[in-house]
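Here's the structure, in structure tokens; my notes come after.
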Amino acid sequence: MKKISKAKIDELFKAISAKETLYIPVDDSEGQAAFIPYAEGLKMSEDLNTVRSAKDLFFPQVESLVNFKMDGKHIEIIDAATEKKPFVIFGVRACDARSFDILDRVFYYAEPKDSFYIERRDKSTVVTLACNAPEETCFCGAFGIDPAEPAGDVSAWQDGESFFFKANTEKGEALLAGLPLEDAADDAADKVKEDIRKITAMLPLKDLDLSKFGPGKTQELFNDPAWATLSESCLGCGTCTFVCPTCQCFDIRDFDGGKEIRRYRCWDSCMYSDFTQMSAGQPRPTQKERFRQRFMHKLVYYPDMHEGLFSCVGCGRCLRKCPIHMNIVKVIKTIGEEK
Amino acid sequence: MQAVIKKKAIELLESGTVNRVLGWKAGEFFYDLTPAVFTTPEQIEKDFVYSVFSGANMSKYLIDESKKEGKVAAFIKPCDGYSFVQLQKEHRIVRENIYAVGLACDGMCDMREIREAGIKGVTSVEEDGETLKIGTIYGEKTMAKKDALLERCVHCKSKKVVDCDEMIGENGEENRDCGRFDEVEKLEAMSPDERFAFWRSQLSRCIRCNACREVCPACSCVKCVFDNPNSGIAQKAAASDFEENNFHIIRAFHVAGRCTDCGECSRVCPEHIPLHLLNRKFIKDMNELYGFYQAGADFESKPPVMNYTTGDAEPSIVYARGGDK
Amino acid sequence: MQVDKNWTPTIVAFCCNWCSYAGADLSGNNRLSYPANVKIIRIPCSCRLNPMFILRAFQRGADGVILCGCHPGDCHYTTGNYYARRRMTLLFSMLDYLGIEKERTRVEWVSAAEGAKFAATMNEFVEAVTALGENKRLEDFRCKQ
Amino acid sequence: MQRIGVFVCWCGSNIAATVDVEAVADALSKEPGVVFATNYQYMCSKSGQDMIREKIKELGLTGVVICSCSPRMHEATFRKTCESAGLNPYMVEIANIREQVSWVHKDKAVGTEKAIILGRAAIAKVQLNTPLIAGQTPVTKRALVIGGGIAGIQTALDIADAGFPVDIVEKNPTIGGKMAQLDKTFPTLDCAACILTPKMVDAGQNENIRILSYSEIEDVKGYIGNFDVKIRRKARYVDEEKCTGCGTCMEKCPMKKVPNEFNMGLDNRTAIYIPFAQAVPKVATIDANYCLKLNTGKCGICSKVCLADAVDYEQKDEILEEKYGAIVVATGFNPISLEKFDEFAYSQSPDVVSSLEFERLMNAAGPTGGTLLRPSDKTHPHTIVFVQCVGSRCDASAEKGKEYCSKICCMYTAKHAMLTREKYPDTEVYVFYIDVRTPGKGFDEFYRRAVEQYNVHYIKGMVGKVVPEGGKLKVQASDLLDNRQIHIDADMVVLAAAIEPDKSARPLATKLTASMDTNDFFTEAHPKLRPVESPTAGIFLSGTCQGPKDIPETVAQAGAAASKVISLLVKDNLVGNPCVAKPDELMCNGCSSCEKVCPYGAITYEDKPFRGPNRTTLIRRVAVVNPAVCQGCGACTVACPSGAMDLLGFSNRQIMAEVDAICK
């Protein structure tokens, strides 16, 4: 295990960013945290989580796929892919770190493989950070995630004085090797972990019961009458999907700039009325079906396809950001209720 | 207040005046109330909550609810009331199917303000006079209620419920000196470069989640132009700076004169973009150029953008207004 | 601001069919010249001008947008330019509020008899926009790199 | 994808001299969707049109772009051409490369580049054009003429002669207008009354003509072929049906001090009056401003002496609602007020008169019985100074007066001078002029006769000042030809006041939605080719409401307007403009925003069933546009927040495509 005094964290950031682009969570003028490239003077956000998840760095909201150059009646096709540079993300929480596993199964391993995503994943080094102060909206524990023991290429912890680092992968080793760090005892972060676990034991959502969900539950849950009442309040905005670290749907659109057309993909939301709209119409005609789709996908369909892995990580972003406070916890509790 | 409202809701259901009640349903943590339709007194007893977190403007739900079988009871706060009337003017809700109970209101709280005050892990909030007693997993905290108010409540423009079948509490008055344009004026006083920088820093955070649009009672279009592939401007993400600007300018323009300034757009923005400042700019301009106008304050008036006088100011007035050159 | 000497702005002029388009024709009839950067789009009435079109023009690289319509009181459709006047006043004010240079947008009332005014207006507007330089704040740069 | 043909016109050298037409055709031929592009000397010529027709048939064109003169010029021509070749006329777009390019840009490279861009914009628009089919509406076969002067009378007579009913609405108690006040007419010197009054009588007796005198237009709704007009029939307190026009009431009326407007206030009339002997209708009218009975309740003499029992003090204004297929505006002119021209002492001396006042002083039916007497002391004037161009041809920057030439003053001044010298050879007559304008049949001969035969002193120069002094009018003037100052002690000064449109014209234009120029003259649909039509369909122009005219021109225009009206009224149905607003019901919120801004009341709402999700039926309120009423302004399209309302022929996407093409 390695460590650095908190007072010297800027040195560490400088050292990393001298070699690669370093993303750290920073508060903007409105106090909203987001991962942005480190530059001297930037302070790491003290928020538990960024507004948008760290998935943006692998799967950005908008990304050009292919360009078409127009000259009269001639069209030239131009590959929009550009070579990505290696980068480091610092301060990813345990929940977001899990979300990468979930996205990998869709974009990295499953066919067709997403070359844009793969390149970014390959060229990134993820430094996670344990959560010293989990909040009431956190329920990562329900998915077997321990905020005291975050994954990633490097895991990090902090106490009052220092940051502690442990490399989990070769990429992680390589990153730490070149940095101005001191050695620390292997149990140096144990006190921090213990404190964190004391708090997680008090979290109000720690006992969230997922036993009703998982692979093979489609028949049982699909026609539950509760979907109708739960979805009644849903406004049909895309907030939950856009702040979600595991939502992965996108749409492909063209921008016709006159002499050039850009074909790009952009996040889409299953909560939208025009999601996967076809010439015959909308396969999920009302908000009930759309709402059900989102939660069934997270809790049943995805686990069906991926050995029981839920595609929710309990980060709690949707609990905080839903305009009308309808969220996956309410769905789990209502649908999962003994009847 | 909650007890009186619950009693009224149950009474309306039991007397058969209505067969449904639109209200706020308890969540996990006291603050996360969800709009819901209650059909039995038992549900109301169990889950109906009216608290300082009942800020959500319920009027938009009435578009669908008022078209269903039977009558629905709705509890209308003053700011909801303007939207309620505006939607009636636009023929979007069927008034006969609604039993409207007006609520006197002295301000709603914003969980975001509490969190930004550094109070984390909140599990309960209790109103104790002017103070909020906040239970958290890190121990009990207190906060003055006035510091936790929603922006729209800090600058409350009216405590008057324009249209209801009965009131709970005393109906209040409009307050035109509520200072709600102060922020707009500050921006107007900046240089164009500063304003541009300000709005870029705000709008560049937009993730086009459409929360502002979906929550907005004026944005009640069957299909939004931005979702309609035939409109020529449909977009699913703000794929460039222009599209970020475009969405918010056009949205503000489309609701200009119809926007009641309920502030929901800013309340729900996950990126905390002060979208109400766009709408308020239009409202302020219309007030100054064409006379005071409050959307939803009456049933007859025409919104200023759908009206004119022969002596209106010329567009060139803009060159002489707002900030330096 | 540094302005490239060879640079000329792109100006879109929306002209109502009845007065201003005819005014532009008259300025042609009288051989009153104005810069070729001005491209006219004919609309039936100034009230047909949707703010969307103005933003669209800026998106696609226009540096200035001008709306010409009948003088207030002379609208072929009686009231169209009154609505246009309010809409444009509010829109321009909003663009200014967002920090977009207000000199890039303009409304002028040009009657069918005012060929000279049309040409003079265009000359003046092109000059004003040239002085401002390129529209960078509302242009969509996606296809410009 | 459309199959578009592009036709670039040279317009002789009008376009080809400053635009490389071949380069334009070549560049446009490379645009997506363009299957053919060519250039030709005169596209509007028969052979040009034949080529377009041929290519449409040969290549199966679905859209046509003509790069030529303004669409205001030949859009209709080319639409017809294409229609005759089986292409929907609304699949044609014009790129205006003459008025907007070749005539304003001298540099050929610049012009060519711009022409290509305008061509691209037109192509981009045509890509999105859809065939439009015009609707048909029936025509109400009745015309309304507003104004009962010579213009209105002539128009009404001609329309009536073709067999269509006509109503003349005249705000005064009688028709006749300004011509009735004139003495003789130039250049023939025949008596105005002798040629006008028979026409007035004809109008009064024509069974197709109804004269609504002492009436005004209250409100106009509707559109060509189908106007709904409200006419206010002002209370004249005399039953028109009963009054025989005997005049007894006028003899007995005790209120005799009412300024007589027919004689320009030079004498008085009674409160109950018939303006002049030949008035049509010859019916008395009580002037409510002066009538003792109406103002004080005491009197009632006229009622007592009226044998026909026609007087009715209780009469109220009535609103008449009528339908018309066409409306002719013939609201005429007035001399301008001379108050601002005090250098001529008009308000200081009664002997300084306007030409129209002079006309009455010379008229046998005038206040002096046709003897020329000074208004101040009723003596014969021996020196008369005529001043021309008073208020005409003023600088745009001047605070008073009109920029335009009033056209008639030169000739009537020559007439006045000549008649004065003829009747009173002992009178010295001076005419101060800037130019003498005599371009008309027999005009110059007439003027020369005044100078040569009648020895009228024509002096080129302006009068600087007129000072009343010791019963004389001291005229200070300059003689520009001799370059000297002149002082004349005149007995009378006659000012040729500029003429301006009647004050009632501006509010009327608003009601009619007809456009006006800055001088309040009605604008014609085309200054050369459609001089008697207003741009507003179904509104026609007759007489001086359109611009200064003399009598023969007025009568000619009146006849022309009538023939336009007749050719409209003979149609049973009118083919409408298909470029109207069209709501997309699926997008419509039914919010009434569009209805609030529609100036024509063309939008209504209906509750319609729609297929909802999951086999449900939803009843939704949606907008419905009446295409016959909609004029296609597009106000509603911008008011509509959901974009449901669009304008055919100028759709959102078409306009945006043009924007894109121009900015790319």
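Per-chain residue numbering starts at 1, and chain names A, B, C and D are given in the order in which the chains are listed.
As a convention for this text, contacts are C-beta pairs under 8 Å (C-beta built on N, C-alpha and C of every residue); 3 or more make two chains touch, one makes a residue touch a chain.
Bear in mind the structure is a predicted one, so any value in this text is a computation, not a measurement.
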Exercise for review: For the pairs A-D and B-C, output the one whose chains share more C-beta pairs in contact.
Suggested key: B-C
Exercise for review: Give the identifier of the chain nearest to the protein's overall CA centre, each chain being represented by its own CA mean.
Suggested key: C
Check your understanding: Where the centre means the average of the CA atoms, what chain is farthest from subunit C?
Key -> A
Exercise for review: State, to the nearest whole Å, the distance from the C-alpha centre of subunit A to the C-alpha centre of subunit D.
Suggested key: 71
Practice item. Could you put a whole-Å number on the gap between the CA centroids of subunit B and subunit C? Key: 36
Revision key, fill the gap. The distance between the C-alpha centres of subunit B and subunit D, rounded to whole Å, is 53
Review point. When the centre of a chain is set as the mean of its C-alpha atoms, what distance in Å lies between subunit A and subunit C?
Key: 46
Review point. What are the residues of subunit B that contact at least two other chains?
Key: 223, 225, 232-233, 239-240, 305-307
Check your understanding: Hey, what residues on subunit D touch two or more of the other chains?
Key -> 597, 639, 652, 656, 660, 663-664
**Study point:** Residues of subunit C whose C-beta touches two or more other chains
**Key:** 51-52, 56, 60, 73, 79, 83, 87, 140, 142
Practice item. Show which residues of subunit B lie in contact with subunit A when the two form their complex. Key: 25, 27-29, 31-37, 56, 61, 111, 116, 120-123, 136-138, 201-202, 205, 207-211, 213-215, 223, 227, 235-240, 264, 267-268, 270-274
Practice item. Give every residue of subunit A touching subunit C within the complex, in rising order. Key: 255, 257-262
Review point. Which residues, counting only subunit D, touch subunit C once they are in their complex?
Key: 70-73, 96, 98-101, 103-107, 110-111, 113-114, 117-118, 121, 510, 513, 515-518, 523, 535-536, 579, 597, 599-600, 631-635, 637-639, 647, 650, 652, 655-656, 658-660, 662-664
Review point. Okay, in this complex, where on subunit A does subunit B touch?
Key: 28-32, 34, 48, 51-52, 61-62, 133-136, 199, 202-205, 229, 232-233, 235-239, 241-243, 251, 253, 255, 264, 266-269, 272-274, 319-321, 323-327, 329-330
**Study point:** Complex contact set, residues of subunit C against subunit D
**Key:** 10, 12, 17-19, 21-22, 24-25, 27-29, 31-34, 36, 39-45, 47-53, 56-57, 60-62, 70-71, 73-80, 83, 87, 111-113, 119
